[in-house]
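The data blocks that follow each hold one structure.
Two complexes, one shared chain (subunit A), two partners (subunit B, subunit C).
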Partner chain A sequence: MTKGKKILAHAVLILASFLSVFPLYYMLCGATNTSIDVVRGKLIPGTYLVENFKSLVANQNLGLAMANSFRNAILMTLITLLVCSIAGYGFEIYHDKAKDALMSVLLLAMMLPFVAIMIPLFKMMSHWGLVNSWAAFVLPSISTPFMIMLFRQASRSFPNDIIEAARLDGLSEIGIFFRMFVPIMRSTYGAAMTVTFMNAWNSYLWPKVVFQSNASITMPMLVANLKSGYSVDYGMLMLGVLICTLPTAIIFLCLQKSFANGITGAVK
Partner chain B sequence: MKKKGLNMEQKRSLTGWAFLLPAALLIFVFCFYPMVQALILSFQKGTGSAVQPAGFANYVRILKDATFQQCLFNTIFYFVIQVPIMLILALILAQLLNSPNIKGKGIYRTMIFLPCATSLVSYSMIFKSLFANDGLVNRVLSTVGIPTVDWFQNAWAARWVIVIALVWRWTGYNMVFYLAGLQNIDYSIYEAARIDGASPLQQFVHLTIPLLKPTILLTAIMSTSGTLQLFDESVNLTAGGPGKATMTLTHYIYNISFVETPKFNYAAALSVFILVVVAVLSAIQMKVGDKRD
Partner chain C sequence: MKKKNAAALMAAAMAASLLVGCGGGAASSSAATSTAESTPAESKVESTAESTAADGDETLTVWAWDPNFNIYALKQAEAIYQKDHPNFKLNIEENVYSDIETKLITAATSEDYSTLPDLFLMQDYSYHKMVANFPGIYTDLTDSGLDWDKFSGGKLADSTVDGHHYGLPFDNGASVMAVRSDMIENAGLTVDDFKDLTWSEFEEKAQKVVDANGVPMLTSSGGSELIIEMMQSAGASPVVDGEVKIADNAALKESLTVYKDMVDKGILAEYTDWDQYIASMNDGKAAGVINGCWIMSSVQAAADQSGKWAIVNMPKLDGIDGATNYANCGGASWAVSSNCKNTELAFDFLKSTFGSSVELYDDLLPNAGAISSYLPAAESDVYNQPSEFYGGQTVYKDIVEFAGKVPAFDCGAYYSDVRSALTDAVTNIVQNNADIDSEMQNAQDTVEFNIAG
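Here is the complex of A and B:
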């Protein structure tokens, strides 16, 4: 690569990086400034963070939304990982024609837009008396073809020798899964965990449908509430956005590689 | 002679079924069954004990629904404009980040990928504030002497805000797919092409795009399905406005199901329509993707 081309490449990448990060920097500054300053576009951190926090807490039940969001996302992640990993393992390790056929049927579910099944799902949840419960949030998204595929692909690289040796040692089939597969596949679990947690945390449409009482409010719903009313307090809004983004941003920055492997993993 | 009970193979096969059954059942109960229900709903009218067959009445109604046509237009606009811009940008960035002698690749990648960490509601709020009437974008415009735009009062401006926001949120996401794809390609192909005198543009068009075709196809299908299901941005960034100029199909279906007096049957017909569109567009993309083999 010649020098000129290199400079051009860097210029493009710097511009793209700047544009990607700038709105987040704007959010950070906004959370520490007054509403007027945010709208004016003040781009240096201010001293209004505590006031913004006070008005946010006075305005919305922040603790409740945080607790709900963490509970929903953690339960969703744990159950999804268990159900989908054992299914992916079952599909691959014990595969035969019937199981492969079932997998291709399940893959069709990837094509279904959520909005197409939303109304019957809502009717189902209200029929079962589950509206406003975490179960209603979790149930429809526990099992996804994507996650099953991710673990099915991972099982492909699980050495058959280990299975045979474990069987000779008298380990049961389920024992092999929990004692051999799970520890060896830590990185796949890491990737699946990151993706599932972030999706669960950020989910908005389905919670908006199924969480109808104020007691079941989640963080994205809280952020959406902040913009209603006659005048928007942008400082408070940006602080809400920041708080809602922090958990996923921390996970993202720590487990970036995992996340990238998670979203691209099932398609390799 | 037949053995009594199950032999080892059969036992293991059954174990496999037991392992995958919970996941498979969940998909049938919470995906396929509701889809069938939606289909049935779309051919009915009335609620509770007054349910009656409606034939194609709900579908006929779609054709005469002006709001639906507006939302369909908006959704198609986002699809036709935003998806190509985003995918081409993502391809270019991935190509740049894949060249071996660029320093600081890790930092660039992290920064460009970072928007993925924000929830759709959160980034909608950030862009709402950036593009507010007296917000930062208009301030910058007026400083450099360009007339300001009333972003959320002007239908086309508001649509472009949504497109810009979507490109910001999803370019890095797609770039990661392309980077994963490019890493499977031996870089010496590019060296050889350069020795043969291929320009960077020629390398991009004749090497990168054909080699990444499966990945491009995948991202195109994901983006198609994602665009047709846009909701969070339409609700929180523009509230569907001005009027209904930026409202998406999913936003409209949500409104007629849960905001106005519920019209579940009609909403079900609309959602079946979206399903068909997603399926047809994905099929077309796969056909086109297969052709140039």
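Here is the complex of A and C:
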């Protein structure tokens, strides 16, 4: 790489990182300033963090929303990972023509926008008496074509020798999956977990429709509520957004490495 | 290299799935799609709603959206009603307004009304469209015993469809022009000079303020909000008896001409982003704003500008029959849902609080900034209190007076269609110097097309 190229590359990268970091910085600043300062575009951190937090807690049930969001996201992540990894593994290891056809149908389902199936889904849930329950939130998303595809791709790089060896040693097919595949594919699970958790945490429309009562409020709903009034307290809003972002940010940072490996289907 | 390509592909797919994920995860199941084909008639309305009041239970569930405003009002109303009904309780659920509509529409299209609350607050502009499309959501309030004569006719018209009442008016959205008195004085004028003007007189005086202060006289949130208010101030409805009257609407043409002229002269600055629009007032980047009186809470957010603002009526259109200095923007009304099991309790609650309690409205004015549409409330002392922020002006009394003079105006069920067609027209006229007549014809065609569709 010549020097000129290097400088150009750095310039582009610096610009790109500035563009991605600036909103985060602005969010942090906003959370520590008064509403009027945020509106006026103040770009240095202020001293209003505690007051913003106090008014946020007074205004909204922060603890409840956090607890609900964590419960929903963790349940969704656990069930989704289990269902999709078994499905993806099955599609690849017990491979045949019919399963290929089924996989294409699954992938086609990915093209269907959620709003198109929202009303029928709501009818189903209300028919089963599940409205307002976490099951209504989790059920429609436990089997996503994308996750199945991810695990199917990952299974492709899973050495067949291990399966053969395990079978010879007398391990059952389920045993092979749980005792061989799962530990070896840790990084794929890490990547899948990050994506599923973020999706579950950030989802808004569907929970808003199936959770009718205030007792089921989640963090994104809480943030939306902060902006619903005729006059918006922007400092409080920024703090709400910050708190809502933290868990996904922390999880992403912790699982960053396995995320990058897992998405390419690396075998450890 | 192969691995790298795969990584890039996956990253792209992930990004896409994250976008979809905002809508609740890329949910899919063949079972879900097959039910889409089933007819709505198959579904049964379940009667096991937990939210509605059972016999003997005096609890009502309500949907509203602003903790400092309408939710505060509900809490006060609950306290007042509890004096005579100690067992009464309101279960208030906070929902963003657009989500309230989403939930109502979901319930109506799936014909499962069991998830609806007993009462909900709805923006006035939605009433006609929602009642026309989803009549099953509402309980007719016409014979509920509420005293409709105590509300202004213009406000009631929004929630009245074919002579039936579907909403009890709550807050008032009379248009005001909030102006910076200090900036006006910088130009050697007084606030009184800005009262009862026509737009041409206004432009002349505003130009002086612009020159003296170096900021525009008015700030606008872009779009057609102000245009619709100007049209309304002349009572020139864009839809009359189901017929679209946009292309040949003289008041609209005059409004667009004035608007464009003000943008060209730097009297009016457009901000397409709501937050920047609010910032322009708080930041001294404009000497005034015209909007529904609810905008005052945003103006007042800049406490350091106390004493520097005043409220006057908006200018009226030149040379238009029936032109006035008064319009309305926004406001909401209480609706009773069809899922309300104890309608008697709901009616009585509304009647005793928002339908007749001056005590309630007296509390809401100073504490929530809610200006009543219940006419007798305006005679109360609280409305005659001077406001310090507006330099000692009795702003609330003035606003109630404005509200009483707003001409009747009807967009029928097509308010949002008219609004978005006019937004396109305004944008093209201001940004691209498009011809006003042809843009009005375009808007007419668009709205007619939507109505026919």
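Criterion: the second predicted complex is superposed on the first by the 248 of 268 C-alpha atoms of A that agree within 3 Å, B and C clash if a C-alpha of one lies under 4 Å from a C-alpha of the other, contacts with A are read in each partner's own complex, and residues count from 1 in each chain.
Methods note: a contact is a pair of C-beta atoms (placed from the backbone, for glycine too) under 8 Å apart; a residue touches a chain by one contact, two chains touch by 3 or more.
This structure is a prediction, so every number in the text was calculated from the model and none was measured.
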Answer with clash or fit: subunit B and subunit C placed together on subunit A by superposition.
-> clash
With the two structures laid over each other on chain A, which partner does A:225 touch: subunit B (first), subunit C (second), both, or neither?
-> second
What is the contact status of A:146 with respect to subunit B (first) and subunit C (second): first, second, both, or neither?
-> second
With the two complexes superposed on chain A, say which partner A:102 touches: subunit B (first), subunit C (second), both, or neither.
-> first
Identify the partner contact of A:241: answer first if only subunit B is touched, second if only subunit C is, both if each is, neither if none is.
-> first
Identify which of subunit B and subunit C touches the larger number of residues of subunit A.
-> B
Regarding the shared-chain residue A:23, is it in contact with subunit B (first), subunit C (second), both, or neither?
-> first
State whether A:216 touches subunit B only (first), subunit C only (second), both chains, or neither.
-> neither
Does subunit B (first) or subunit C (second) touch A:206, or do both, or does neither?
-> second
Of the two partner chains, subunit B (first) and subunit C (second), which one does A:195 touch, if any: first, second, both, or neither?
-> second
Answer with first, second, both or neither: which of subunit B and subunit C does A:131 touch in the superposed model?
-> second
Once the complexes are superposed, what residues of subunit A are shared between the subunit B interface and the subunit C interface?
-> 39-41, 106, 109, 112-124, 140, 143-145, 198, 202, 204-205, 208-209, 224, 227, 234, 260, 263-264
If you look only at subunit A, which of its residues touch subunit B in the complex?
-> 1, 5-6, 9-10, 12-14, 16-17, 19-21, 23-24, 26-27, 30, 38-41, 43, 83-84, 86-87, 89-91, 93-96, 99, 102, 106, 108-109, 111-124, 139-140, 142-145, 148, 173-174, 177, 198, 201-202, 204-205, 208-209, 219-221, 223-224, 226-227, 234, 237-238, 240-241, 244-245, 248-249, 251-253, 256, 259-260, 263-264, 267-268
Residue ranges of subunit A touching subunit C (in the complex, touch as defined) | 35-36, 39-41, 59-60, 76, 105-106, 109-110, 112-124, 126-127, 129, 131-132, 140-141, 143-146, 150, 153, 195, 198-200, 202-209, 212-214, 224-225, 227-232, 234, 260, 263-265
Where on subunit B is subunit A touching in the complex?
-> 12-13, 15-20, 22-24, 26-27, 30-35, 37-38, 41, 89, 92-93, 96-97, 99, 101-102, 107-108, 110-123, 125-130, 132, 134-136, 139-140, 168, 171-173, 176-177, 179-180, 200, 215, 218, 225, 228-229, 231-232, 235-236, 249-250, 253-254, 257-258, 264, 267-268, 271-272, 274-275, 278-279, 282
Using the touch definition up top, name the residues of subunit C that touch subunit A in the complex.
-> 3, 6-7, 10-11, 13-14, 17-18, 20-33, 35-36, 38, 43-44, 46, 48, 50-51, 65-69, 91-97, 99, 102-103, 106, 109-110, 112, 114-115, 275, 278-279, 282-283, 294, 297-298, 300-304
